[in-house]
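Two complexes come next, and they have one chain in common, chain A, joined by chain B in the first and chain C in the second.
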Partner chain A sequence: MDNQENKKVGVTGWIDKRLPVFTFINHNLRDYPTPKNLNYFWNFGSLAGITLVIMIVTGILLAMQYTANTDIAFDSVERIMRDVNNGWLLRYIHMNGASMFFIIVYIHMFRGLYYGSYKYPREILWMLGVVILLLMMATAFMGYVLPWGQMSFWGATVITNLFSAFPVIGDYIVTFLWGGFSVDNPTLSRFFVLHYLLPFAIVGVVALHLVALHQFGSNNPTGVDVKSSGDTIPFHPYYTVKDYFGLGVFLIVYAALVFFAPNFLGHPDNYIPANPLQTPAHIVPEWYFLPFYAILRAVPDKLTGVLLMFAAVLVLFLLPWLDKHKVRSATFRPFYKQFYWLFFINCIVLGWVGAMPAEGVYVLIARIASVYYFSFFLIIMPLLSRFEKVSELLPSSISAAVLSKKFDKDVNESYAK
Partner chain B sequence: MKELNTTTKNKPTSIDEEKRDFLFITTTGLAIAGGGAFAWSMIDTMNPSKDVLALSTTEVDLSPLEEGQSLTVMWRGKPIFIRHRSESEISSADNVSVEDLPHKESDESRVKNPKWLVVVGVCSHLGCVPLGQKIGDNKGEYGGWFCPCHGSHYDTSGRIRKGPAPLNLEIPPYEFVSDDIIRIG
Partner chain C sequence: MKVMQSKLHNFILLVTILFPLSVFSAGPKTELMEQKWPFNGIFGRFDNTALQRGFKVYREVCAACHGIRHVSYRDLKDIGFSSDEIKSIAGEYEITDGPNDEGEMFQREALPSDKFVGPYENDNVARVANNGAYPPDLSLIVKARAGGADYLYSLLNGYKEFPEDYEASDGMYYNTFYPGNQIAMPSPIEDDIVEYDDGTEATHTQIAKDVTAFLAWTAEPELEERKSLGVKTIFFLILITIMLLGVKRKIWKDLD
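Take a look at the complex of A and B:
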């Protein structure tokens, strides 16, 4: 009997009965009911996952050629560029992959911020995302140190010295981080080990992120909950195809960067070997840290600057409790929507001043932008939660929203005829 | 599916199967080609790199070697055995019927100048370095080399005579630059 049953469903059936991997895939990637109105901003999660895989694969291959020793680290990277077969390609994919990863994750986060994806019941999902961001920042920072160029060395020096701002224990922390009295060989070895380790920690948190996501399913552009099966379509083929298309577009952009402007986002000083006796004239972090760097430099007091910089990321953890407005999507919140776009521009301004010298008018701009950054979260959001009215345009369901759009279009078309 | 139909009511209901097949095949084909090219270029990074391939050549001056003495030099990370053979070593290597050997090679075919034997000192069984270069080493039953790992005996021409190794010691590419100097590689 048992045998016959198994024959019917073949090898996959036999395995699935004992280890339900196929059921799992089916649940989560095939039948998985997904809101039918997702727009292209919902592509960025899967893109981030693919980028993470690309980073891990290219990273492991790089690690086979790289040597974490201050005497030869720089030369070992140059050897990758010149002697290793396709080494230049491998390194440029990894290097620019870090930038692409941050672009994707920032868009992913701005999407969540716009459509209120951090609200009930997705608070933990959002917070796990912030944990991933922190891990990514640590990973990217330590990765940038590995080639042991001038920017590697001085970036490492400046960032680790942030911890010296803490009273009493500050200096001990810094010595501990360095494993010595300056950024040196012990620092490089531990950064390499951690740079190898943390991406796997990210994989773990991503898995939790997905478990949390699939508990309630995706939010959607209307922010209205799924009410019936009519509001959803199966993930496959509708969203597999959409994700696949998005991947194609993404890879074109990524490849263009790798092949035509591989050093566009980098800093030329990092092709000068590290020199502990000379700081480059103008030192800047990688572009994805610039907004936070701007906040650090906007504050005249060392400790406050450091605390505010960390707070700028950590405040994201509190988002679900700062914005308690009942409506999720900014589409139906006319006031929030305006402050949101202002916030978006403000982040770009912060990134821009972060790259400018810390003097004159730039300091003033950085201060204004920093104030708005925190006001948006700590003042505007709570106030809007109380005073912004629920719009009458809010649709009763996803289908209603989709149909009313369709209806408008049909009516227009028939009048046109 | 029903719900979908309500919103796509005025779209053509028939499906153009041919068009779908075309799109499916071209998309999948391109993805496989692109993915394969990417995978190969990444895997290829693990092959020997240019600095490793750059044929290192080693020149060795043979003049200090007395008859009966041996010298070991490094070439591409492997030991090269050079032996200045005595008359008796040469004749014992010559006086063997090639047909009786596990790996049939005459001594003549293994040397450029019978006085000098140049072989790669890596056992053809599982890669150990055989003994016999130093004075007092066990040279095996045939007076050449003896591999201690699993007991392979090589003769004075570096040929396998007894034990698990299947092949003779390999001859590296080399040439005499002058009477006393050889260049390996």
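Take a look at the complex of A and C:
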């Protein structure tokens, strides 16, 4: 950015001339111009990155002690919990880290959905995010299989069996995934290998996600483009310190879970060693899959259910073309905002109903919620893009929005006096 | 409009928090007999005298059918046994080892470093001896059941006669808290089935309580360390987060 400043002397200068790492850091972490009005929902991107690092570090350490063999996988995890120094801490950080990762990424996505962060020119940024989500889901699913408890085994059986719904090739796919004719040792060892591999693929896509982000910079709560340098502030120190503070709050919540309720989000059955001869009463996936699981079970036909479940994630790829409304931020779209919050509640209802047995009134609720899930994207969004008027409240620039907010606050305060 | 909006936000917040909670509370239908365990709560600790009594119950009653294969004899140090006591406890068990230099398997006394020797050679023997029902390993039982320690305590106190028009299967017993109510294990404890060394009166409920506490320890031997480290960690994190908030405010001040 500032060429004068980047002309370093000494060792750093020597290195930077040949390998411009310091210039790169300067550009992307220091001077990087960032809208000055970002709220705390913009903390979740960096939190997701930090959680990914925590997961990879604890995961590598755990892999040094874990054994991917059906005879001893369960016992090797118990050995980590009891005999490996601080093994219980590593495992609980990793196990709950998966849940925290999904919480963060879901909030990050709902933020993007609210402020229209997927719209022009950030379409590829958004789509890379969806790729990350898909990779995370695959990684988390395979990770849950590794302890080889009852839910590991039966979860793996149920989910891999979904592929058998495809006509003709279905059974072949399932046999191919299993590496045999049931979930067994070959399945476990390939899941372990892939569980170790995919996080590095995630790191790669995250790098692309950041490149795409820095091309146009962050969106902001007004959704209005950056118009002048007055609209932005340098990333450091303003957003570095804000991210640190957010990280502190996040770690408090995370630590509370790890130290005081490490199994709260898990299922007790996973402390029973896998037994292919005994099916648990209710097979429930981890909480972060529940909304999709609810959509799967809402449909009586297996193949349609499977396709809809995948479609529920894949539809996100189309988002930039489904919502073509000019205004990005829901703050200035009163109608979209109502449907957005309804969609948010709907997702939570889907998650809840996904944990309930698929019978009676729950099936009905799951069906209604599934219909709304898809209608929101495929009907409401395109209709609103056409018919929702551009609000006159839309500020002309970020600075104008910040100023008018400050003005309102000052007026209110003087009234209060 | 502003008021309405904040109400809407509160409602959404409430729904967000309560819905997931209802997922987890949808557990067993029968109310468990909830106890105030000393190991509950953020400052929770095990009561070693209770754990030692519970260990005695395990050894004299439960161990006839149930193993605790994830626990080593040396682990007993954590609940207050001395090295000599552990050596003599381990010495009461026989273990098959080998092959030795002659290629023979041989029997030897268990060492503190060995895992607890279970009552059966293998799962099939266990089934044959128990009318086809497999007595599960108890090391993780408290973690492996919804309701945890409260569930186990309730189960041990939940035996009743079969209700009148109940179609009972052969060799099964009635328990209020067991899923489906028919359990293959007869009520394992009764008043004075063990004699406590510390003079505690060995009532049915006392025995149930002690053995449950012992099995809570076998399930989570790291609990005390975890909770005390947790208190320190969170105290530190809160402190540093408050400081970071101060720094953040100071840095952002010059933007106003």
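Here are some notes:
Simple rule for what comes next: the second predicted complex is superposed on the first by the 404 of 417 C-alpha atoms of A that agree within 3 Å, B and C clash if a C-alpha of one lies under 4 Å from a C-alpha of the other, contacts with A are read in each partner's own complex, and residues count from 1 in each chain.
In this text, a contact is a pair of C-beta atoms (placed from the backbone, for glycine too) under 8 Å apart; a residue touches a chain by one contact, two chains touch by 3 or more.
From a predicted model like this one, the values you see are computed outputs, not experimental measurements.
The partner that reaches more residues of chain A, of the two candidates chain B and chain C, is C. Touch criterion met: A:Leu403 reaches chain B, while chain C stays clear of it.
In the overlay built on the shared chain, the residue A:Met64 is in contact with chain B alone; chain C does not reach it. Once the two complexes are laid over each other on the shared chain, residue contacts for A:Ile233 go to chain B and to chain C alike. Contacts of A:Ala355 after superposition on the shared chain: chain C is touched, whereas chain B is not. After overlaying the two complexes on the shared chain, residue contacts for A:Ala73 are found with neither chain B nor chain C.
Of the two partner chains placed around the shared chain by superposition, chain B and chain C are both touched by A:Leu89.
Once chain A of one complex is fitted onto chain A of the other, the partner contacts of A:Asp269 are limited to chain C, with no touch recorded for chain B.
Shared contact residues of chain A, touching chain B in one structure and chain C in the other: 82, 89, 233, 406.
Only residues 57-58, 61, 64-65, 79, 82-87, 89-90, 229-230, 233, 399, 402-403, 406, 410 of chain A touch chain B when the two sit together in their complex.
Of all residues in chain C, only 8, 12, 15-16, 19-20, 22-24, 26, 42, 70-71, 75, 136, 139-140, 143-146, 148, 179, 219, 221-222, 225-227, 229-231, 233-234, 237-238, 240-241, 244-245, 247-248, 251-252, 255-256 touch chain A in the complex they form. Note for the complex: chain A touches chain C at residues 36, 75, 78, 81-82, 88-89, 92, 233, 237-238, 241-242, 244-245, 248-249, 251-252, 255-256, 258-260, 262-264, 268-269, 271-272, 281, 287, 290, 341, 344-345, 348-349, 351-352, 355-356, 406. Put simply, chain B touches chain A in their complex at residues 3-4, 7, 10, 41-42, 44-47, 49-52.
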